[in-house]
Amino acid sequence: MDTKKLLHTLLAGAVAGTLCSQALAANEDPIKVGVMLPFSGIYAALGDAGRNGLKMALKEHAQALHGRQIEFIEMDTEARPERAPEIASSLLDQHHANFIIGPVHSGVAMGMIKVLKDKDTVMIIPNAGAAAATGPLCAPNIFRTSFSSWQPSYPMGKVALDNAYKRVVTMSWNYGMGRESLDAFRESFTAGGGEIVKEILVPFPKTEFQSYLSEIGSINPDAVFVFFAGGGAVKFVKDYDALGLKGKIPLLGSGFLTEGTLEAQGPSAEGVRTTLHYADGLDNEVNNKFRQDYEQMFGKPADIYAVQGYDAGLLIANAVDQLGGDISDQAALIKAMEGAHLFSPRGEITFSRAHNPVQNIYLRQVENGQNKVIDVPAAALEDPARGCKL
Amino acid sequence: MLFNKRTERYFVWVFFPLALLMPLFLEQNTFYVSKLTTVMIFAIFVMSLDYLVGRCGLITLGHAMFYGLGGYIFVIIAPEYEAVNFWVYTFYICVIAALVALIIGFLVLRTSGIYMIMITLAFAQMAFYYFSDSIDFGGNDGVFIYVKPDTSIFGISLFDLDNPIHFYYLCLLSLFNTLFFFRLVIRSRFGRVIDSIHENPGRTTALGYNVFVFRLMAYTMASALGAYAGYLFTLQYGFVNPSMLAWTTSGSALVMSILGGMGSIYGAILGTLVYEGLHYVLEHLTEHWLLFMGALIILMVILFKNGIAGYLEKLLEKRS
Amino acid sequence: MNNAVILETEGLCKHWGGLKALDDISLKFHDRELHGIVGPNGAGKSTLLNLLCGHYKPTSGKIVHKGEAIDAIKPYAFARRGIGRSFQKTNIYPSATCLENCCVAVQRRMGGSFNFLRSRYRQQVLEEIATEALEKAGLGQRRDQVASRISYGEQRQLEIAMVLATSPCVLLLDEPMAGMGHEESQLIIELLKTLKREYCIVLVEHDMDAVFELSDKLTVMVDGQHLTTGTVDQVRDDPRVRDAYLGQGDEVY
Amino acid sequence: MTTSLFFVQLINGLQYGLLLFLIASGLTLVFGVMGILNLAHGSMYMVGAYLAWYFVQQTGSFTLSAIISAVIALAIGIVVERLLIQRLYRRNHLDQVLLTIGMIFVFNALQSILWGDDPLGVQVPEAMSAAIPLTDVVEYPVYRIFVALVCVAIAAVMYFMINRTRLGMLIRAGESNREMVECLGIDISRLYTIVFAIGVMLATVAGVIAAPMSSIVPGMGEHVLIACFVVVVIGGMGSIKGAFIGALLVGLVDTFASVLMPQLSSMMIYILMAFILLIKPQGLFSS
């Protein structure tokens, strides 16, 4: 990070704080974008990619901002939920951020929502898929540019049935996101007559999978559906291969299983099928340009987390553009964002009444270290937003 | 004299008046008020740990269990959509936490040294995984508290917990009371026995004291206060998460307490302020704040033999 | 002398694995008498004291205090019954003042140890009793000094003062003169002479002159066994005692 | 559970246990000999995994990478001991805790700066990529058997060193009586440096050989640290034999608990530890 710039920002923030009573004309201020992502600890890679995507989008669409500058205020959540409210209130009360982008981790999202719900700022979630965020806890000022946990997993049930898998073992870490993913899969899979032979919940963040895999081997189901991400996904896919299950029992997963992890997984990941709202190899103009530019700017290939961050940036740019640069009226801003129609690298997206993206879900298969799209099992899929009263 | 070290008196006279006036300067910026509140709440927790580790010689790496329990007990016993009385629930939570501590203390206080460190950790991890795996209490994502308790006594409401400034003063009051309370306890006859046990448990037994019972009392008391801190933390933002119980919470509290100067109690406040302050400043200066934080901690261990409090005391001694 | 029996052992045994540290010891300790225990190294003297104060549990046998068997009670309960002991290695609270050292002892008896709020300095009686104990042990002038800063001999005195402060009926003293110079020893001897008029004292000591000078009764132990018990003169003339000490080279009397 | 599954799980448990032993052995050695509580031990495991990845990228050979990593680990051990740990021998455990927590921070930051935060992976060396079928479905990779054998071999070497060699004699003497070792005219500070470096190397080597079968991610050190402490405390601090038994116990209990009692599996090793400490407050094989 550019230390000088940040110091400058800080100073500006402090000055702005003290001069708050003599607020300047809104349109000349920079738009303040608080970034609340993990830059250290287990989710650091995800936070980094999200930030890159966000910055890239706002840079690319600078002309849409009607001359307004963007000021980033970056905060490391360390993926520690108990710190989330404090950091969120820092961005809200200290920095008076117009937009707050974050987080990666669902627990942190809950802590943020607690502070930011119905406040004078707009929260855009660029990853955390907790159903509650656009379900029971949904609010006018909370948007999500990623997915709800239900979205990527629900279509997989249909895919499994289409492949004539009748008996499936599901497995994930025992936490909200994992359980919600398995539930979504179960919902569509059992509705079509499939049977979940066993549901295995592994304590988070344990990565000793051998004993579970041996058990799966003894059950010998038609397929295995899992939710894992990051380091756990790497370890799981490698263990699945090493213990000889690969090639005998097809492995299905929520797309995070093979996102940002393919290089580490190596040949073990070949042939794994997953469903997600994005795929590296999506052949559309936006995506091709996005991937090329991203690689050029940051020296590594873009992943889903970068796309979601990028779309958070697109959403901001789009809304600011619609309002001609004046975002002082929160109601108008929210209305503009609700109506946004984005051309994302993942395809076109709009927003549901609960502010969750309505998007295509792709079926991908790993071929030569790439997630290749082989089908679109659900087009413009909208999260049911159970419990949302918007 | 209650605050018997000169350094401590200075600290009390500098810190509390400043803290009392702070919100007047920060009225524009409620964030700093909230941040200081969080730090003070954690300082209460660190103080209770400091009493156990530095005063009683009971090293625990499971103290965060009570911090988290403070929040979860509230979630469990309080009705979800009804404002309960703050003081009544403070009492409930402290009593329940004390009962839990009594049971766990009964088991863990049979061991000592590193074994005690580990067995306390074991219990804390069990509690952590219990709440983290539980679906009823929000699991990994935690629970919200929708309605904050009201603080009225006989119909007079002293603090509005939704107002950050009010909450700040409640926590400042709690901080001072805790410091005052520990000072009283240390000076008391109970404190005399605890001091004796810390210095020479064998001799204390030979004088006819049941060392186990005294340790159990101290453990229970400190745990109840730890739970009180956790309760305050939960109320600040209305959010409970199992990460409050994680061993890293115990670890950072231990770091702050050692940094401040073990056993000095007021050092716990110093340690928490310095640690959180450094964290805050470094985090805003560089993305690699961990590196500098680590290096500073290493330096401070090597330079300050008895923590910051010890260093200040030596400095004052030299002067006079 | 026919004082009442205060402490009594019946067939007391302590085995460490196969080793019989103490074998079938039956002794009677009388009020207001000093009962010396001597014997070569490894005779089991310290083991006996450790059993008498409850630090060890006997393998078999009984300890009877004022007519009650007490071998099953907790270690701290021994002290509460008035069985106080001093240790072979100085065992005090070095960072506290002498007065405070004794206060800890007095407070046990005075109660209030579970009073969390009342100041420990607020009770005059407690300090008076503690000061009294210090004076009895000849440490009155060291009252307010930190225990680690007084001389070694004085620390031994302090230990006795602490035991006195518990207002015991039995004093178990484990080599109170160990490592002391002649003059310091004399001080302790004088002290014990006055104390034995009030208390039952069990004294384990290597300094034979001192033991012979002080003891009303003397027990000789060898290899965990009870050899003989009698007055100083009886023991001195017992040929078995001479045998036992022969071949012990350095400790020949 | 069928017999064959039971058998497979037994192997899983033993293999996990053996790996745990390898990580924990350095921790218990350093504590036993030097009385130092090294919380940064887990970080060295992490460093090992990252070094393995880095040098496999550079040299293409896993064996070469393992050797270079071990040498670097020794160097880190010597430098850290001379520069930092040496100042703390006369301090209490708590200062050591604080110092080594500081070291964890530094190692984590360096990892992030040097190697980034993406999950990384090392491929199993070509020569050992085969697998042995156990049941119709489940196979057992040769590399994991090799790892288990390496762990057993290292345990045997440590046993031999401590019981049969001069260094081992000094170590045993140092455990029971520092002054005596010093009286024998041995430079105890050099002995300490060597022991600490060996401890660090053991953790690093564990990280290296675990790299091909795990994911290399930030924070992997802390996770393993707690498991290590459980192992070492169950066995009795400072006892190599205890660490060995403790590691196997933890490995087996964790493996079987995850299959038989999934609701309790996350807590099971802690329940085991609490249970053992309540019966034997000094662990199974404390001296």
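Every chain is named by a letter (A, B, C and D) in the order it is written, and numbering of its residues begins at 1.
Basically, contacts are C-beta pairs under 8 Å (C-beta built on N, C-alpha and C of every residue); 3 or more make two chains touch, one makes a residue touch a chain.
What you see is a predicted model; the values in this text were computed from it and never measured.
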item	value
Graph distance between chain A and chain C, where chains that touch are linked	2
Chain pair with more C-beta contacts, B-C versus A-D	A-D
Most centrally placed chain, judged by C-alpha centres	B
Rounded Å distance, chain A centre to chain B centre (Cα mean)	36
Geometric centre distance via CA averages, chain C-chain B, whole Å	44
Where chain C and chain D are represented by their mean Cα positions, the distance between them in whole Å	50
Residue numbers of chain C (touch at least two other chains)	none
Chain A, residues touching no fewer than two other chains	40, 174, 201, 203
Contacts with 2+ other chains: residues of chain B	129, 132-133, 290
Complete list of chain pairs which touch one another	A-B, A-D, B-C, B-D
Contacting residues of chain B [partner chain D, same complex]	53, 59, 107, 110-115, 118-119, 121-123, 125-126, 129-130, 132-133, 247-248, 251, 254-255, 258-259, 262, 288, 290-291, 293-298, 300-302, 305
Touching residues (chain side chain A, partner chain D) in the complex	40-42, 44-45, 48, 174, 200-203, 205-208, 210-215, 217-218, 220, 230-235, 238-239, 242-245, 248-249, 260-261, 263-267, 300
Residue ranges of chain D touching chain A (in the complex, touch as defined)	2, 4-5, 8-9, 12-13, 15-16, 108-109, 112, 116-121, 123-124, 131, 133, 135-141, 143-144, 213-220, 223, 254-256, 258-259, 262, 265-266
In the complex with chain A, residue positions of chain B that touch it	28-32, 34-35, 38, 129, 132-133, 135, 138-142, 144, 233, 236-239, 241, 243-244, 249, 283-287, 289-290
Partner chain B, residues of chain A touching it in the complex	1, 3, 6-7, 10, 17-18, 20-21, 39-40, 74-76, 80-82, 84-86, 89-90, 92-94, 106-107, 109-111, 114-115, 130, 132, 137, 174-176, 179, 201, 203-204
